Amino acid sequence: MGPSYHLLTFEAGQEIVAFPGQFAMVRGATWGQAPLLPRPMSLLEPGRRPAILIKIVGEGSRRLAHASPGEPFDLLMPLGNRWSPCPAGQRPILVAGGVGIAPLLFFARELAASGVRATMLYGGRSASDLPLSEEVAEVSDARFLTEDGSRGTRGRVTALLESAIGETRGKSKVYACGPDRMMAKVAEISRGLGVPCEVSLETPMACGYGVCLGCPVKRTSGGYLYACMDGPCVDAAAIAWEP
Amino acid sequence: MPFDQTVNIGSLTLKNPVLTASGTFGYALEYDDFYDVAALGGICTKGLSLTPLVGNAPNRICETAAGMLNAIGLANVGVEAFCREKLPQLRARGVTVIANIFGTTVEEFVAIAERIEKDEGVHALELNVSCPNVKKGGLLFGCDANLSAGVTNAVKRVTKLPVWVKMSPEAGDAVGVARACQEAGADAITAINTIRGASIDIEAQRPRIHHRTGGLSGPAIKPLALRIVWDLASALDIPIIGIGGIATAADAIEFLLAGATAVQVGTANFADPEAGAKVMRGIAAYCEKHGVAVRDLIGRVKRNGP
Amino acid sequence: MPFDQTVNIGSLTLKNPVLTASGTFGYALEYDDFYDVAALGGICTKGLSLTPLVGNAPNRICETAAGMLNAIGLANVGVEAFCREKLPQLRARGVTVIANIFGTTVEEFVAIAERIEKDEGVHALELNVSCPNVKKGGLLFGCDANLSAGVTNAVKRVTKLPVWVKMSPEAGDAVGVARACQEAGADAITAINTIRGASIDIEAQRPRIHHRTGGLSGPAIKPLALRIVWDLASALDIPIIGIGGIATAADAIEFLLAGATAVQVGTANFADPEAGAKVMRGIAAYCEKHGVAVRDLIGRVKRNGP
Amino acid sequence: MGPSYHLLTFEAGQEIVAFPGQFAMVRGATWGQAPLLPRPMSLLEPGRRPAILIKIVGEGSRRLAHASPGEPFDLLMPLGNRWSPCPAGQRPILVAGGVGIAPLLFFARELAASGVRATMLYGGRSASDLPLSEEVAEVSDARFLTEDGSRGTRGRVTALLESAIGETRGKSKVYACGPDRMMAKVAEISRGLGVPCEVSLETPMACGYGVCLGCPVKRTSGGYLYACMDGPCVDAAAIAWEP
């Protein structure tokens, strides 16, 4: 894995029943007063040893990534909704940017277990931004893209999306997780080709269970969705993407 | 019970001194998975306005050192939906409900109080005259003794419920504002609401909170809150409900010793949904260890010599 | 230098925007083992009074969440000893010296300023009208626009040095107080001093600070300080010197972007005596990365839409 | 060592020249914003691998005590003054309460190295409050005391002080480190018997090097001493002990 991506596995002490797209609020039991809030992290694996994939972007993710073996954590999970099932006759096309792979790899595994091999477009800045790419290739028809061309096709994930949808002759459903701008673009392309698209929202969160109202996302129909309760997996058409 | 946990806020007796704070506990129904919220001294609802509000644009929150900023903008279902959809469920559970209410004018405060008066199940009103995240009302009321007293008086006239007034730490003269509310008939003072802060993303060179400023809460503000509560408890006759950065029973006990009659747990609910229950149990354990009823802790801090 | 680090505070040009804060850096001579303090934009002395003060009884300090309380009570050697024993050494080192001064009356402020005027080596006066830890003067001045302006005006009349006025975050109307100082001739506003807080030892049931309350400082207050600096910079014409919880270059840059012309590093010196030097270097690195002179950062934060 | 005492050894990367009585300001490099301030800790050993002895009393000492191997720390040291040398012809009597043993064991070792075996009165609540007692017995004539009688004489350290001074027929100098009340009592007994007494002050400290003025101790002659600059080792007669 690249230097800033880390896999963290917890001993849950019990079976965690969770589905692809759901997330956990994670906080170090020894953090004291700072960092104060738990951090939302997509579940990569459920079960007795649930796992998450971490990209270091600040203090919280740094502490998670550098946790020492046996370090105690408080986890609230599973939270939020799952990716909606892919209707029969439609091919799932999963579009992942960087650490956005976590809920999509979980999904690809679930699909594979049910006999469906999803198409996966997996992009990042360079080869080191494609953590878990071998695991991804195992369970999906994966195409890798990097902006610097260090692995797979040179370019952004969106570059291959149109043709991937074309290959299914419009009989596909798109699932995307990654940076906002990537998801907005994926949503636009999908809409243009008339295929449904679902995205997993990333917003700051304080609680993760609907009480702080800190996770709004602008809705096309006016007002706001709340990422933790109405999502994180939502119909891309419902979102009023920032320009 | 050998070490009585009940406290009185005016005519209202609470099972114990621990409440959960407005805006940090939803409408309390969200906690069914975590614990029995009816065991709490009480729960304060999200701030209720006359009509539903959608709230501010994102980002609404960001973390700061041992604290957080929020500018939710009082997103809420409105008093009507609250009374119809939430209140019956809270009543069924036997929850002690404090309705936190917010208006941009005195008339709005009055109208909300009148609507709540029509139903059973609310045990007190908490007037939010100190919200820093709205364009009108809010701080404007809370920092001015006359305006705060005016709202208090007007609401008192239309309700039989006890009225608590929630103070801003930004009032230059917190004691003066609180005293004016006391004279206007307030049954208790809740202190403190958040204090306005800001944070800037230096790479984007933009405010981290869309609203530019947000209210600071969490452990960072505990010393400030405790000092204000201590000042208020020393100066006023009505009970003070302490709030600001309380995360543990030890934090809560500091407020009781300083003179608070009850406390509220706010931001701490986010990191730990069971924070309120834990504070409750911890206070009971402290009372047992020290062999006192909880009301004997109130204001018990010793003064130092000169 | 490709990315100029100098800034102007009125007629005074600083080598760079980083100063160390009064009361957290002694008389700067204590830092000889750590780094060359003459490289700093400036150092603010411990608050100087007309006669030496021994300060408050212990405990004077305690830690809080991401912050600390202090009630030092302005223990200092007095202006006379400072001018005789410390100033010549600072002058010899080429340090830019800001004398932080404190009086319990306008006359005392004036007398201290007059004494400093007699010697060479002080580059500006910083009027501490906002100390929360003394019985007389202090907050009384700083929370009142007329009194603050009165002190400013009186000092300006007896000194040729630039006069900075240090603001309390407890003034109900910080902008109003600062504006009055600006009109009275202040050359700059320093914001903020500490805000009063308290902490109680629940086993001893005693205040952790003998003085009961202490001034809260450190990262905990950064959002509050940044918001006040932002408000002041938006409203005033004279430079604002930002202070409150600055521990890293990133913190300092937030203040510059919000409109501060310079910054001060306070409590952070305790955890790391080289904090000031590190902030200085970090700002220079940011300027290089972004290809701008430091003065182009000032007030550059973008405003969000409605 | 008892459950709440911990020995922490640092890799300093250079030779630390320090003397008995001096201290370090210690802070975890990964602590972030809380705990905020470094914690003052007496040096138990100097050199390339300086060591401290920690008693857990709060969050800072807990984090120090539970540091994981290799965890980075920032240390400012050596700070403060040393125990003043024991004049020729006077026997050093060291009086330690609990974790106060650290600067006194360091001192006893220095004395032993110069051929002087000090008398050591070492007390605590119970046997588990006498950390490093074997090391103490190696380098000094140690007498142990516990309040519950679980080790050595039952009682407080001050119980044996008078007789220890008596044995030297007043030709001794007392050095004490422990709880304030113990040191006040030691000072009183020493004064009563006319022998000099030095104590090591413990106060909260923010800086450790004289700039915060947070560490005052009331002086008999009026005003305050500052523990970090005028101490921590000071003549007990200079201190106006709290009643």
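In order of appearance the chains are A, B, C and D, and numbering begins at 1 in each one.
In this text, a contact is a pair of C-beta atoms (placed from the backbone, for glycine too) under 8 Å apart; a residue touches a chain by one contact, two chains touch by 3 or more.
This is a predicted model, so every value here is computed, not measured.
Asker: If you apply the touch rule, which chains end up adjacent to both chain B and chain D?
Answerer: A, C
Asker: Out of every possible chain pairing, name the one holding the most C-beta contact pairs.
Answerer: Counting C-beta pairs in contact for each chain pair, the top pair is B-C.
Asker: Between chain A and chain B, what's the gap in Å when you average each chain's C-alpha atoms?
Answerer: Chain centres of chain A and chain B, defined by C-alpha means, are spaced 36 Å apart.
Asker: What is the distance in Å between the mean C-alpha positions of chain B and chain C?
Answerer: Comparing mean C-alpha positions, chain C is 34 Å from chain B.
Asker: Distance between chain A and chain D based on Cα centroids, please, to the nearest Å.
Answerer: Taking the mean C-alpha position of each chain, the two centres sit 55 Å apart.
Asker: Scan chain A for residues touching two or more other chains and write them down.
Answerer: 33-35
Asker: Give me the residues of chain B that touch two or more other chains.
Answerer: 57, 65-67, 218-219
Asker: Please categorise the chain-chain contact pattern as a line, ring, star, complete graph or other.
Answerer: Graph shape, chains as nodes and touching pairs as edges: complete.
Asker: Which stretch or stretches of chain C touch chain A in the complex?
Answerer: Its residues touching chain A are 65-66.
Asker: Using the touch definition from the top, list the residues of chain D that touch chain C in their complex.
Answerer: 27, 33-38, 60, 74, 76, 203-207, 209-218, 222-224
Asker: What does chain B use to touch chain A in their complex?
Answerer: Answer in residue numbers: 23-26, 30, 46, 54-55, 57-63, 65-68, 70, 72, 75, 218-219, 247, 267, 269-273.
Asker: What residues on chain B touch chain C, complex-wise?
Answerer: Touch list, chain B to chain C: 57, 64-67, 69, 143, 170-173, 195-200, 202, 204-207, 210-214, 216, 218-224, 226-227, 230, 245, 250, 253-254, 257-258, 286, 300-304.
Asker: Touching residues of chain D toward chain A in the complex: what are they?
Answerer: Listed in rising order, the residues are 32-35, 59, 68.
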